[in-house]
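Chain lettering (A, B, C and D) follows the sequence in which the chains are written, and residue indices restart at 1 in each chain.
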């Protein structure tokens, strides 16, 4: 199964979404719907594990979209019971061929019963842990860093599964939001800095856990609250939600890129609408980087809210100068040469009559490699635009993420090797401007901007300041930013 | 293969798109790309026929999206040669199970060689023709009205294929844009009133024919001109484009709904951008049906250009109050009960934080059955909107189309049985207004509005005035509008 | 879909089996079982058409084995009704790629209703008929000769379908056993010389028609009688079996190769068990061509009955020196080089311990190209046999069949270019002997042997005397045997 | 994936076949061919692991026949290298749904590198081992008893893989023939009593290990010798075959049922042809249980060699009274009611003309539940046989096998609850006789019959004397035979 669209490698990609539910009939159906709503967080594969008092644990793992697999009666009937968790994932760039055994949730049979876990994030000391576990006799079945957790749990001396999970996660470094289940419990945990999101919802007499609130909406669940950084919740039918804080307290470092791109615009993070935050980024961007032009045009679809904000603030008309083809779902199997060369044209077309002769501001969410930006610029100029000005709704992406996001190697990031001016020249556009880091912080609600000494978010991809040391990557040669 | 989305039966559906190319290497690859760009005109199935001087005619017909079938090397290698045509189609509502033998292009072997045809439109005397042909000994292989054309051609006394085609099309009533091919010729024809679109493009040394201009863009072809109503073009490598007018001249009656909904916004019709026309409809709508409100919100994606125009004209802020799930492609195979009951929620979610407490204007392109409008209204109110005002970018759809569009029976059309006020009450919204027929004509560029005596467009779905008598339907009991 | 086993091209292949049933609930289920029992007559594809008073005609056509397609509930539910016919077929050698549209039964809609036909045999003037029909405006959908019949029927001036069928079949030359159906009738016809088989059976209150009796056994039907050469039976619920003889009477010429190889050993032809006939061939062969040896060994599985007869008559022990792999079903999709080179070894293995040091008589049913005989001989010698003697249960196959059997071109037939001695030398065996034509006739029950002036069977493949002139083949250059 | 044929549950089923090869180019291709030849030992699924110096370990596991999966270039290209092992398996009766993770070979990554193992047999203390391993923190991925071996290896304190394997197998009780591989070694082991077979072959400069000799024949390998009971061979390119005997010596107990039914007739066991042994069983049977009759008829295909022997010894003619349908491969997916009720008729048909009026001796290899015997008897009588005499080429099967053979629960075995006379009455046949245990021992070459004190073979299924205590089964309530 090849990676996604020819030009989607020019985006950072969230690697996972997780969802779990307890206390409803046919829980797996709700998980399927929740995963469908989280599909943008992982398009390659999905899995669901359910538990039924009589039938025990059952699981299904599939490549492809949730909607193409987990909607059929015949499959869903194999996943009975009132308790289920699920996972969607991207393939990791560079992995040699995806295997179904890498698809989560992972399941382990312990002396006190089975448990399944689904993990969003990345373990930064996974290589070291894996080596240690193999030396002691563990057999790994996947190439996934997340499998360490289940082996650590298997070897814990604790007597029940939640405590084994605490044991395991205390050995783990990195970013994680975990949804897990035993025969009777739904468990949710966020790492001490809360890098990846996880929310708690109420549905009827039951409860659910989800990466984002948009997945609560689809099943008609009500948002209760976010799981807090470092919190573990253990949910049972009888006792409801029990909260623990098993880790040493640390300053919160939520991923700011969730606001910029990963989360769906209809999700709510920290009490704020993602759509509204992105619109506000556009407003800030218009203030910081004004330019005379005739049209504000989003790069669809992710640039649209910021473009609406930019247009509103600048007073320049908003228009859909680039039209997306609705029928581009995933990449092609064994494509012809010609298809391979089409690239962005298969997905986007320019609204020529609207663009012709105009000075166009293109609003995009980010620039990664810059390959797509270049092609879009060419399409716009071919259509007769008079000027092309790029306005980017995030600061320059100069550093890879090691906390559960698929990023190219540092040297492939345009902003890692070029200044803003060089990028402008490289792309041959009339102007190219990024929002400032402070502007972004303002847009997400930090009126005073970024606290330099202890930033309110993880912004390592922009700043190179990594809140958790990427131990495995350093062992492989990655160089941290030199201290200033 | 079931019909499309649970709630997509609440749209009128264009039934076909056609594309053909001559004079390029591997013509079928270009046809595949063209059909991909025309996929919105027919999502159920597609077919391509190609001709190669040595290998002769080859064809492939498949259910599903163009991109899932006609992009693989192994299939495309079976379609060699410099000349190819293709077709995408919807299933006709009510047909009992789709069959691959109904998928065009149709092919016939005549004494002077083979020919393939792809037809967009509908033959209004097909039942009568079919009966007559069967009596004379023709064997029909499909349930498609279009198959009549190839049998009429087989029985023509003319000595070459273009003349046989003229013969055949003179017997045919209704609306048609046909793309056909022989071993050496690419042929395009539009019916005398030009109800359905067809354009001519130039690509390198070759030529192409397409339902819409957006399919020229994707292959890098240049728009030459529209084929005229009643025109037949015969294109060869040696003689280029030869134009004929084999039919009696009639007043032009292009389908006005192509402007409203069918065509892609990045296509150009009659020299006008479809996007711009739709934006202008929004402007007219704002002038005709003003209302005090806080937010103009499109019903995605088709309502967006009109909503932009409405917001601009009214000065009320534009915002994306409804978010579409990108991962809804087609309908589900054997869905669970729960999935069936989800309906619109699988595809749309409300941007709750944006909507809450606001007076919202929802701009949609049309109201057919009203079932979706109702569900969207409920979602908006659930999210806490203060008021909901529907503004519809087309007049009330009160009559079925018999010219190649899939419409419900008349009694299922909300506007066929209710006045605007009754519809407003039926949907329980604060207000519901449609653009006037004159307003629509103004938006498409007829400054003086609709000419009552001889309207400039076919607007039968709004007016009940059918430019071609729907003979087969009348035989089945359909009642024309009583003369006034 | 590639042709069958690597070495199965070294057999003549019956091209079709037909089956029909009327007057039972869910007739298509019986047809499926009947076709499963007739699978040896056509392994490439199968089709069933059924008729239900309410649901009308339905059909399904599939590549692959009957048991892999027509046994699933979901498919069989689409074929309701008390009347159904079916067909299994081989691909014709040399046809460029099989197409589902070539799979029978063929269906035609006439003015007086629909009809479906399934044809076993070959029309020897099909090319001429096809040309004539195309000139008159018929559109052919398949490359099959059998499609002529349905077009001839469509053009007949008769008022009911059985009479149209008589009309059509009177224009047709060649060999045919046809099973057909209308909404209420099951029809069976054999050509005037009765070249291909067709039998009538009784099942409960209903009736069935089948190529062979083994298909009656599987559904528990009772053999009534064979349809006679030149007979047409029209079977209805009300009137039972009506018999007609619409053709000019001709001497009977049943295919003698049905006894030798095509029919299943558990079928009964002309009141004689095919197994017993083959055993008797072995007896005659032992009398005609005795040899000193230690073991009589069949080439499995078709040579087994003759080998049993040979062993019994000669007194030499019978043993299974060659073991067939049960898991060889069909050919391979996209096989590796190594697989392609394995050939016969994938299917057969020598029972080394049995063969070692012995003088072995190998009994095979026929020699076509000789390629397999050669490989088997090598395997036997590799295993340490002292001598290898081939005894062949049919005379030398020196002429192609044009009556519904897939034969190589004449120059590929070993016996067309070599004498018995030359073949023996070519295969490098210790002896090679064929049964005589008279011996074969004795074994099938003609005590006086073959009547030279008017042979009792069609034996064209051995004698070169074609009872029906192969008109199309002569037009393509085939040379009849020179008159003696 | 459902179990095999409707009536194949009336046979004991070998559960596995193993094959491995080292020192040839593209070893996986040879393994695929070997597994194809061993398909009768396991029809449900197959797997291959290969190792390539550069590409490392690769594996593929598939449901279905070897020939339908492991013959395609595209799959085999993913299994490069000069060293590979493979496995075919049956599903275990009663297991709830087969899962691909249960398909062998199993693979484990150890500190000193990876290893893969394929296991034929059954571990009789697997439940206890599994519990112990889970307590210590091992995570099991399959429900297979064989997975214990790889976890025991992972926890061994030894420094290289063969020694870890010895460690592991010393903890294992039961019957096993194991083929394993590391990056550079091919390893074969048989349990101390040698219950299951394993042979060593030479192919070019390389070596192979196989369950049976018929798999050597297909790849052109030469039989070197059988691996001895309790022997471990470690084969490398450099050092050839190194032999060890890591277990305490025990008396040999080869499975006598391999001679009766499991092995292919063209295999050689202990220097004897399986075909010849079976023929000899027929001879003994004719001596022990003579009866006057007209025809000796095998129940195909497994009864054929014994029937030949019986006919030869008794002088009664041999004939194929039951014909097998060649097109029965595996069971049906979602079969119609009618198909389910057909049972044996789908696979077998009676040669009515041969049987009618005759006194028939039916020779079958074994009677398990007796359900098939009953149906065959009915078919024979329906066809008009005068008398039916069953002669069974094995003693009454009265005890389940726990050493790698799929047997019904004891109470389902006809011979566990009935005497020979009761069975005869139960089946309503004219006579029913089994070969004696001594007769069987004579036929396999033990002229003096069975040594009561220490039988030369494992014959637990006949005698109830289990050479290895079936510990897990006893824990589940199985009752051993009371001491006499």
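Just so it is clear, a residue touches a chain if its C-beta (ideal position, glycine included) is under 8 Å from a C-beta of that chain, and two chains touch if they have at least 3 such contacts.
No experiment lies behind these values; they were computed from the predicted model shown.
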Which one of the chains is farthest from chain D, going by Cα centres? B
How big is the gap, in whole Å, between where the Cα atoms of chain B centre and where those of chain D centre? 62
State, to the nearest whole Å, the distance from the C-alpha centre of chain A to the C-alpha centre of chain B. 37
Measure off the straight-line distance from the CA centroid of chain A to the CA centroid of chain D, and report it in whole Å. 50
Contacts with two or more other chains occur in chain A at residues none
What's the complete list of touching chain pairs for this entry? A-B, A-D, B-C, C-D
For a test of understanding, state which residues of chain D touch chain A in their complex under the given definition. 100-101, 108-111, 131, 134-141, 150-151, 154-155
In their shared complex, chain B is touched by residues of chain A numbered 26, 29, 33, 36-37, 39-40, 43, 65-67, 71-74, 76, 214, 217-218, 264-266, 268, 272-273, 275-276, 279, 301, 304-305, 308, 312, 317-320, 323, 325-329, 332-339, 342, 345-346, 349-354
